[in-house]
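Alright, structures below, take your time with them.
Next come two complexes, and both contain subunit A; in the first it sits with subunit B, in the second with subunit C.
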Partner chain A sequence: MTGRYEAMWERLNLDLDAHASLLEVLGKFYGDIYMSQQGRLRGMEYLDFVLSEIHGLRIQELQEARANGRKVIGTFCVFVPEEIVWAADAIQVGLCAGAEAGTEAAEKILPRNTCALIKSFVGFKLARLCPFIESCDMVVGETTCDGKKKAYEIFSDYAPVYVMEIPQMKCAADRALWKAEVLRFKQAVEDLTGRSITAERLREAVVLINQRRRALQRLNRLRAAHPVPISGRDVLLINQVSFYDDPKRFTQKIEELCDELEDKVRRGEGVADGAVRLMLSGCPMAIPNWKLPYIIESSGAVVVGEESCIGSRNTRDLVDESASNLDELLDAIVDRYMKIDCACFTPNAERLEHIVDMARELNVKGVIHYGLSFCQPYAMESFKVEKALQEAGFPMVAIETDYSMEDVEQLKTRVEAFVEMVR
Partner chain B sequence: MAIIGLDVGSRSIERVVLEESSGKWTWEKAPTTFDPLAQCRRLLAHVDGCSVVVTGYGRRLVAEQFPHLCARTVTEIQAYARGVHHLYPQARTVLDIGGQDTKVIALSAHGSVAKFEMNDRCAAGTGKFLEFMASSLQVPLEAFGHFALQADKQVEINSMCTVFAESEATSLMARGERPQNIAMALHRAVVRRTLAMLRRVGGASPLVFAGGVAHNPCVCRLLSESLGEAMIVAENPDVIGALGAALIGASG
Partner chain C sequence: MTGRYEAMWERLNLDLDAHASLLEVLGKFYGDIYMSQQGRLRGMEYLDFVLSEIHGLRIQELQEARANGRKVIGTFCVFVPEEIVWAADAIQVGLCAGAEAGTEAAEKILPRNTCALIKSFVGFKLARLCPFIESCDMVVGETTCDGKKKAYEIFSDYAPVYVMEIPQMKCAADRALWKAEVLRFKQAVEDLTGRSITAERLREAVVLINQRRRALQRLNRLRAAHPVPISGRDVLLINQVSFYDDPKRFTQKIEELCDELEDKVRRGEGVADGAVRLMLSGCPMAIPNWKLPYIIESSGAVVVGEESCIGSRNTRDLVDESASNLDELLDAIVDRYMKIDCACFTPNAERLEHIVDMARELNVKGVIHYGLSFCQPYAMESFKVEKALQEAGFPMVAIETDYSMEDVEQLKTRVEAFVEMVR
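Let's turn to the complex of A and B:
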């Protein structure tokens, strides 16, 4: 795709050489991890295409939309209420932050012991590697953890940052705070786009995003069949792509893929004979962070569920569509987002319940808890998660890692040993 | 039929040949060197008509490089659990400190793995740490434990990080501290780290100490001071992985 889009990348002020080598690495990585799989669904072609055009066609679409006066808003967290963005006819993209490229640049302005996700988004910007960040009219940060909170202060020297305050408890006062923040965000989006959000437009946006969540819920139900009809890697990729592709197109394509999957399930066709069913839980896994899922699925296991922001945490709850006016719709949005069980909340018993429920429903043999090095919220919670799972009879192993490839051998040993143990 | 268990570790490679019918076994050990495949080739010569199970760091490499053997691989965790259970059926916890990794394995009453912990990628508390420190104090690794046992005074090294611990050791040296005392402090740091890991796994007793570092008399002494009667130092601590691999091969 290089030739076709070079001029556009240049206009976006990317570092063309560095960007070319990033694409090369990404392409190779994708080939090894995805294209090498046997018996994939036809519907995955769409995802292969989206991914091969990740910095091409989609960016072009964003540029065209911008030329027509639409705004692009980038986010890093599933807390940012998407419905508001779409209701103002703006476009929301989840910024990926799943690769190591740019770390060196990031370490110039961030402490070394910062989680890989933060280093990655800052690094992508500083090293001028990400056409998505460069296409954003506004980047929305949030106060979910101290690392992010402080990083956005630094990041705001380089990008148009807007920060939302996320409450950390779930009492009435916190809901009030969150409601105020949602209203403040609505105002900011209206100011940016010059459009006011009406009840009608907001309801359409609620339905649009709910549809996408429903498609992903359907996918999650289907993938859990015995035998497992689709690899965990493929589902992870679908979840990752859901963050930046056009929601209408995405939903339609995923419904088609689900139809195909349904047939496959009916025929009793599996992708991983004899593989141990495992579940992943913990920190988000942004594109192209496929290291751990790949290790798991090459160690005799298959991932049948992700308790993660790039997974069930983002799709489990819908916004109530029955609201009749703007204020009720906003309330429904506030309530839906308050159900998110990110580790930044205290206390956070819902997450433990959700994990145990998922493990039971998906009928897994064990859970792998994934934490990014230096991520305190998830590292701290992993102890509680392990205890809750143990009481419910599910073994768990906690894996802490980052985006580098140095520890692959050690991770393989741990994952393989876990698979041997639970088999 | 004979079954071969091969443990390809970062410092040494062990081979066990197990006679399936009699249960008798023999073993051999070779240094890993910079050409582990050549060492393996030597250890695997004349193995036709055997089945081979490989464990350790190099397990996959060996399985790939000697495709005609159709070798099976198992992780060190399984191999050590199995080997220890065979030799010490009463054991409930395995501590294996090897060249690169420290592992603690909790065993169920019938010897299966109930839970395990492994150090992350840093070398703190592993054989590598001791190796590095021995060479910076210019003591041969094999003699490092004895050397430390000649300490006559307690000094502290607080850092478990290899780099920081070395600079602590250097500044103690600059203050004229006896190297034996420094060596003892370094051993204590390893043991502290190990005990923390043991506590996390909640290892029941008795515990069997295996892996290359179990040859180190100072680590053994310090550990048994903390753990008491409940610790058994494996008789041939570095053969257990290879034996476990062979036993796993025997049971199909």
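Let's turn to the complex of A and C:
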């Protein structure tokens, strides 16, 4: 795709040579991990296409939208209320944060023992490798963890950062704080776009994003089938792409894919015959962070659920659509986002319940808890997760890693041992 | 002191042998670092005495108070509004968190890459070495960092933990959240003590704690003198003891010590002739964490200021005493604590201003930024601190360490190089 988009990338001030190398590595990696799968669903072709064009056609779409006066808002977190962005006719996209890029530059302005995700988004920007952030009119950060909270202060020297405060408990005062933050964000988006958010537009946006969530919920329910009809890798990719793609188009494609999956389930067909059903829980996995799922699915297991922000946390709860005016719609949005069971909350007992419920519904043999090195909230919460799962009869292993490939063999050994244990 | 208090420690369920070893090591460490100083102030004898009796007489006082129906509330953070505790005739004390103790046990329930302070307070409890926590009717945690926030969830299986939520910004909704938290804490303290907090009692408590802050402010102002009349180690000890001692007695002793210091300044006498004036900034140093100050003051420098929670952050701001009723007093407390410039806030520009102001007022040659390994908020903020200090003409070096003695020689080399550079 290099030739077709080079002029655009140059206008976006990307480092063309380094970017070409990145795409080459990404393509090879994708080929090894994704295209090597046997008997894949026809519907995955769309995902393959989107991924192959993620720095191409999708960026071109963003540029065209911008040329027509629309704004692009980049995010890193499921707390940013998307409905508000779409209601102002702006476009919300995720940002590059799933690969080692510009690490050396990032470590000049961040401590070395910062989690890979944070070093990655800073590195992508400093190394001029992310066409999404270069297309952004606003980048929304949040206070979900110390690392991101403090990194955004530094990052705001390099990008147009706006920070939302996320409360840390779920009392009345927290809900009030979050509502104030949602209103402040609405104002900021209105100021940026020059469009005022009406009840009608907001309701449309609520339905738009709910529909995407419903499609992904449907997809996840189908994974309860035996044998499981789709690989964990493929569903992870779908979840990842949901942060970048146009929501309407994406939803339609996923519904089609679910139709195909239903047929497959009806026929009793599945992937990975005899593989051990496992669930992933923990930190988010941004594109192209497919390392651990690939290791798991190369070790006699199949991932049937992802309890993470790039997984069930982003799709479980819908916004109540019955609201009759702007205020009620905003309240419905506030309430929906307050249900998020991020490890930033204390206590966070809901998450433990959700994990155990998921493990039961998906009928898994065990859970792999995935932590990014130096991610304190998830690392610490994994002790409680393990206890809750143990009490419910599900074995768990905690894996901590980053984006490097140095520990692949070591991880393989640990995962294989776990799979053997729970088989 | 072992013989005199053994029965009490046994009643508190301490591990007597391990505790005896701890006191022995602590005594030797104190001798090396403190008693070795030449020409110390007479007033420091009181501090030496308090420290020598910190697990003895002070604990006995707490036990006697409890026998008389008073409650003891333990804390780890300068955000806990002490005035409310004292107004309910309860006693607030700091908890053990400054030495390696029970690390092995702590690492069974916490990730290894947790900061030394957190591992220490958990370890002290699990190894049954802290008579303060064993004397507590309530332990107050807070959400200042991911590590503590999540550790308290685990710690609450072992101690009567109550958690306060600290906001992360300083907008109107944050102040409202903090006020709600202060009121919730007031209720919890009233419930625990069975005493209701009246305007009169609260005003007395405000004055009591303000007086202690004023005494410490006076002490810190005297350190602007050339030559500096007191070592940094001694002032650190004073700050540390302020968290454990009876506030009234402590304030009186510090005022006496300041009288002595004023005489010394008038006579032009100082400590550490020709030593390079440095300031410490960053993470708190709990007893007996004297490693870095000792290294600095053994390297041709003298510490003339501590920008930390065990330092200026806890003494800089007073509560407005002019309030005329309970509501106004509570508002004054809320406002005073909202001024704290902890790295948990984003952005936290006030801290940068305070550090530069301090460096100027104390006429330092440079600043040593102290970070506990894995303390993300202070590690990340140190990049901004260094920039602000550089712009103001003050060199800074960032030192990251924990409570082990393994890196002493390495730290010495780095500190000596910095002292030579700024001399």
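Everything below uses one rule, namely that the second predicted complex is superposed on the first by the 422 of 423 C-alpha atoms of A that agree within 3 Å, B and C clash if a C-alpha of one lies under 4 Å from a C-alpha of the other, contacts with A are read in each partner's own complex, and residues count from 1 in each chain.
Here is the rule we use: a contact is a pair of C-beta atoms (placed from the backbone, for glycine too) under 8 Å apart; a residue touches a chain by one contact, two chains touch by 3 or more.
For clarity, every value in this text was computed on a predicted model and none was experimentally measured.
Looking at the shared chain after the overlay, A:T413 reaches subunit B, while subunit C stays out of its contact range. In the superposition on chain A, A:N363 contacts neither subunit B nor subunit C.
Of the two partner chains placed by the overlay, neither subunit B nor subunit C lies in contact with A:S36. Judged by the touch definition given at the top, the superposed model places A:T198 against neither subunit B nor subunit C. With both structures placed on the common chain, the touch criterion links A:Q376 to subunit C but leaves subunit B unconnected.
Put subunit B and subunit C next to each other and count what each touches on subunit A; the higher total goes to C.
When the two complexes are overlaid on their common chain A, residue A:K384 makes contact with subunit C while staying clear of subunit B.
In the superposition on chain A, A:N325 makes contact with neither subunit B nor subunit C. For the contact definition in use here, the subunit B contact set and the subunit C contact set of subunit A share no residue. Chain contact summary for the complex, subunit A toward subunit B: residues 395, 397, 400, 406-407, 409-410, 412-414, 416-417, 420-421.
Looking at the complex, you find that subunit C touches subunit A at residues 109-111, 113-114, 143, 145-147, 149-154, 163, 165-169, 171-174, 176-177, 180-181, 184, 343-344, 346-348, 373-374, 376-377, 379-381, 383-384. Of all residues in subunit B, those touching subunit A in their complex are 57, 60, 74-78, 101, 112-116, 118, 120-121.
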